[in-house]
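Down below are the structures I want you to see.
The following pair of complexes shares a single chain, chain A, combined with chain B in the former and chain C in the latter.
Moving on to the complex of A and B:
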């Protein structure tokens, strides 16, 4: 995949993608409502911690303030590391409309990526009130105090998004072979909810489950950027986690592009 | 420009009769069937030709077009478009071609077509001055005006189809595959599209392969036709020779100054249509002069017209023959 053309087209793709995200703003807001589970978990865990702080097996104590900071940050990070290319790819393969993208001298994965990224400013805007609340309730005091961690944050957010996006492309590409590739996405999401720290911080997992989570991509997609923002890692540990995250991102990218390449050969461009 | 040799495209499809028992059985053992969408065809198109690619539904037209455009990989055979192997989908190839499908759209649904045009300009790396000049020409020729700034979803089918053509031509393709470009359009819009396609072909020298069920499209645009049926070519030549080969008889239309009886008209030849004021006859080409002379001498003829059989009838006849040939071949087997 040559990089020259995509880089040249990128500004136009982003501009058009942003215009589309504005056109779909109502759907976007509905989607944001679907990501409010952290607020539910915040209420639940705060109630638990209100009685007594929750001690993790790693020795960290989780009181109400920690849960508030964790789940508010979780909500904001989720807006930035989400992708929905699997639905688009699955739909376009089944309808045959992918043909129109395949006719152009630009790998369709670039178009799907930019349409996902271009919607981020709008999704980030939804996070602003949450950020205000974070500061208003004093939860910002839980954010990383080691300034050396902050330069890693953009890379961790990008790595998290790459994992989400290429997992979407890989699963979407299964539609070249399977009739119901989105069922695989359901399985992915079930694992994501459990292992990413979305519902329960992985720090509170029993040691064996935390060990399992360390070998799966979900925590690197969402939990790790949140933990980094909250300063739950020393610099050395953060760098190791970042390396593992990017290894997952590159691995999933390879798998996704191979599945795509193999799948396109089977594309039947149905209809019309 | 286009060379096709022994092209085959076969699909393996899952076959299951209706019913719960069949569904249960399919869980354990699936039956497969090979569909021969295209079954060994050869043809060539020279640069600048505009050729009609005709056939009944399911004949293999769209499959062939998609293969030529690089969307489908051939099962067998060789395809070359301007020296490229389409299925490799190299950028240099994709920059030269475009496939317009009347039933598929590339326009961004919730944005004005102008956004799609600009996106295509960027993707095909068309210099801005060339793009502006080309877009102005296309918008003027297709009388689009301010429509390009209205969201696509608010455009009528005909307006959308015109915008689809503009989006397809922004990069000035040398080879254009048109799959039912006038489907669903009203008569005046069909005429406008035909005029535009003819002009594009003449002005740019682009090679055009067109499928359409509207024979008016074919008559207006394509001096040559290639006919495919059941995945095999059954004719390749000029429209005139197709008519000559399949239905050489002429149509004689007679309009009468006063009412005429059917018996009087039947005395001249095979009656295709009859009314007391106007009748249509089918007569051998060699007998046209004699029959016309006889009609003028024996009937109150006010006006007459001699022409070939309508192309729709020619095609129906051709497809019926192919079907009959297939049945007889299968019977012999």
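Moving on to the complex of A and C:
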């Protein structure tokens, strides 16, 4: 993959992607409604914390305010660090329409990436009401107070997205070889829901489960950016987490590109 | 009632087709079954974390009682994803491609035909998951549900299926207006995910929404309460009446939308 050509066509691809996301805005709204799980978990945990704050094994105390800030932030971060290339790749391989992408003088991974990234402004816009609520209920007081953490936030979000995207590409590429690559995606998602902190803050996990989560990519994809925004890490531990996150991102990128390369050789479009 | 007999035999025929299809893909059947056990176990994690410390919990619900709710959830999920969702996917595909014509032309009710067009039989695994959870919960409770409780629960589950099916019809009707909605099934399942927890975790307006407007409480919390022997009769009667209202409204919406359908054939 040379870098110069993608950079030259990137603005155009982004414009196309943005127009696409505008065209399918109804679909996106539906998708957003489908990611309301954090609010449900918020209800559950608020009910649990109603009587007394929940103490985590690391010594942090989670009251209603903490849960509100956590799950609202979780919702917003989820909008930004998600990718759906696995479904696109799977669909295009099945239908043979991937041939059109392969003809273009640009690695298809770039076009999948830009169509994901270009939808982000619209997705971020959906988060605005949630952001307003966050401030209205005073939950913004839970956000990180150490200003040195804030410059890390964009990198943490980008790293989270890279993990999501390349996991998608890797699993999507399996469709070159196997019929049921989307089932692998289901397994990925099941693990993601448990270990990312999406349903339960990993801080509340029993120590052994938290240790398992530390060795999996899911927490780095979603839980870590949220924890960072909420200032749950000291600068030192935040930097260590960031390094681990980017190691996962780069590792998954390598795996994804290798799987793609091995798979695409087998691709046979059915001509018409 | 010759008409009814015809529909019963049609139903049998559609079910047989799905059965043959499942028999054709035996490995899928096994893999999907195994995956469903895995995801059911994963879904229990939040509950275990909540009750990891015995001083905390969902107010009004012990660990075992919450497990009964999850058991009801798994039971309904199996029905939803085995019998209701596959048809939804099929009909959205029909609308997108314009092939719904072939369904509409057949000399039987279109709603019936699309609803019964596909069943995913491996979802039976979900019923197994549910019974494991029920057994575990009631063994730990040290008592078993009464006969009346089981009967009440059966009635409520039937009402819940009726409501789920009606919601499904409403969602499919939306597909006539907005075409690119492959995400609809995803939305449907994720909204249904709300029913995993006792409805009492929602407070204020949300509780009303999830009891009346989108009666998730009725679907899992009430059946669980019936099994635990603490459901009162008025709630049961109201639930069944509500389900009937839901079904009538959904049918009306479907009939309205189908008039809106313009084929894409050529």
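Here is the rule we use: the second predicted complex is superposed on the first by the 271 of 272 C-alpha atoms of A that agree within 3 Å, B and C clash if a C-alpha of one lies under 4 Å from a C-alpha of the other, contacts with A are read in each partner's own complex, and residues count from 1 in each chain.
By our rule, a residue touches a chain if its C-beta (ideal position, glycine included) is under 8 Å from a C-beta of that chain, and two chains touch if they have at least 3 such contacts.
Owing to the predicted nature of the structure, the values given are computational and were not obtained by experimental measurement.
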{"item": "Partner chain in contact with A:31 - chain B first, chain C second, else both or neither", "value": "second"}
{"item": "Partner chain in contact with A:194 - chain B first, chain C second, else both or neither", "value": "second"}
{"item": "Chain B versus chain C as contact partner of A:9, first or second or both or neither", "value": "first"}
{"item": "Touching partner for A:43 - first (chain B), second (chain C), both, neither", "value": "second"}
{"item": "Contacts of A:145 with chain B and chain C, given as first, second, both or neither", "value": "neither"}
{"item": "Which superposed partner A:97 touches (first chain B, second chain C, both, neither)", "value": "first"}
{"item": "Per-residue contact with chain A, leading partner among chain C and chain B", "value": "C"}
{"item": "Common ground on chain A, meaning residues reached by chain C in one complex and by chain B in the other", "value": "24"}
{"item": "Chain A - residues contacting chain C, complex", "value": "24, 26-27, 30-31, 33-37, 40-41, 43-52, 54-55, 180, 183, 186-187, 190-191, 193-194, 199-200, 204-206, 209"}
{"item": "Residue ranges of chain A touching chain B (in the complex, touch as defined)", "value": "2, 5, 8-9, 11-13, 16, 19-20, 23-24, 96-97, 99-100, 102-106, 265, 267-269, 271-272"}
{"item": "Footprint of chain A on chain C - complex, ascending", "value": "28, 31-32, 35, 38-39, 42, 45-46, 49-50, 52-53, 55-59, 178, 180-184, 186-187, 190-191, 193-194, 196-197, 200-203, 206"}
{"item": "Chain A partner contacts - residues on chain B that touch it in the complex", "value": "11, 62, 66, 69-73, 89, 91, 94-95, 97-99, 101-106, 108, 110-111, 115, 118-125, 151, 179-180"}
